[in-house]
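To keep things clear, I will list the structure first and then write my remarks on it.
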Amino acid sequence: MSELEKLMSILDIHALKARYFRSMDNKDWPALENVFAPDLVADFRAATGGFDESMLIHGAATYVAQLAPILGQVLTVHHGHMPEITIESPTTASGIWAMEDKLWVQEGSALPFRWMHGYGHYHERYVRLERGWCIKEIRLSRLRVDVG
Amino acid sequence: MSELEKLMSILDIHALKARYFRSMDNKDWPALENVFAPDLVADFRAATGGFDESMLIHGAATYVAQLAPILGQVLTVHHGHMPEITIESPTTASGIWAMEDKLWVQEGSALPFRWMHGYGHYHERYVRLERGWCIKEIRLSRLRVDVG
Amino acid sequence: MSELEKLMSILDIHALKARYFRSMDNKDWPALENVFAPDLVADFRAATGGFDESMLIHGAATYVAQLAPILGQVLTVHHGHMPEITIESPTTASGIWAMEDKLWVQEGSALPFRWMHGYGHYHERYVRLERGWCIKEIRLSRLRVDVG
């Protein structure tokens, strides 16, 4: 793999993660599922500051099907920063991203808070499928979570 | 256009947008005008959360001349995140950026709020002039705006 | 220096700065010292919004030894945005980053505030040592600092 191909892959993965954030905050669920490999492992057990075993999920379709109704009554803003991407082979890579998220919960939601403001890091693995780089593993660690 | 030239253009556009933010928050109006093509179309009709027709502006000089007195009594922080840049030809490109902005309004300003905190996306088109890549079209969409 | 080598250096410096933020917020002091050149000049005199002469520090080891006890009782989140990196030679570069930082101060800290929320820019110089690109000079300028 040439240095140029590595740089192209790094920038492709940056744009992949941008689509992850944008499709989530715009509640475009088909676009969100499309950033994941079908056999995604999503570990959001630390997402809300506690440790929720139900948030370890296998499969992109399953994850999006679980997430969509939860966020249906929530306005979200997710921001990502400061990627550290390592290209390991032409079809595998890993990465870390700093992140911040804000949730504003609307009336009628089952979530046990009205707003949440969190900070942390995504720890990810990527795989290159025929349609391009996809997120294959995603785990969120937290520096801090405030809720109200 | 080679892949290397495309990567160089993508990073040039990242730095262009960085100058946009930095010159605005430092109120360096000549530097801000310099990031725009002269025939800029700036669509900030959704900027303050409502829909203000006077914020659709043609021309870089006109836009900066309108903006500078508004922001003269406002401390601003604008942050950009997660670019998705598409190089369409050696001289044209498009891009989307996540953004967050905070305004603190000082005494004497005509703005109808004391502070604003917003979230959204820039949707942009770029053109490569002799002096380098410039922003030719900029439109701001909003996820949320809070004012107080 | 080829254009490809310049792009590789720019992305290396992006990842270097990511390690700076991540090691600081995770209080991994050896990793933090490792992002700096040994003869670091760190100018954080404007960090807390005033102007504190004791925050102009020479030497990576000295800086980290001074910082670690201060932050031992503080939860921090630092985010960086919008790099403008200039590669000046195969071993020297400069850069500007937008930044935002939040500090939550725990009981028993000597810091004269309970929380801080700041905005500004890092102005930096980089040097390429045998172990890769390092931060050689870092200066923080502020747009705004709020404390409570």
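Order of writing sets the labels: A, B and C. Residues in every chain begin at 1.
As a working rule, a contact is a pair of C-beta atoms (placed from the backbone, for glycine too) under 8 Å apart; a residue touches a chain by one contact, two chains touch by 3 or more.
Computed from a predicted model, the values in this text were never measured in an experiment.
Enquirer: In steps of 5 degrees, what rotation angle do you get fitting chain B onto chain C on the CA atoms?
Expert: Rounded to the nearest 5 degrees, it is 120.
Enquirer: Over half shared numbers or under half: where do the identical copies chain A and chain B land at their interface, same or different?
Expert: Different residues, largely: of all residue numbers at this interface, under half are found in both copies.
Enquirer: Based only on mean CA positions, could you tell me how far chain A sits from chain B in angstrom?
Expert: Each chain's C-alpha centroid was found; their separation is 26 Å.
Enquirer: Which positions in chain B are in touch with at least two other chains?
Expert: 4, 7, 79, 81
Enquirer: Mind pulling up the chain C residues that touch chain B in the complex?
Expert: 3-4, 7, 10, 79, 81-85, 96, 98, 100, 119, 121, 143-144
Enquirer: Write out the stretch or stretches of chain C touching chain A in their complex.
Expert: My answer: residues 4, 7-8, 11, 14-15, 17-19, 21-22, 25-26, 75, 77, 79-81, 102, 104.
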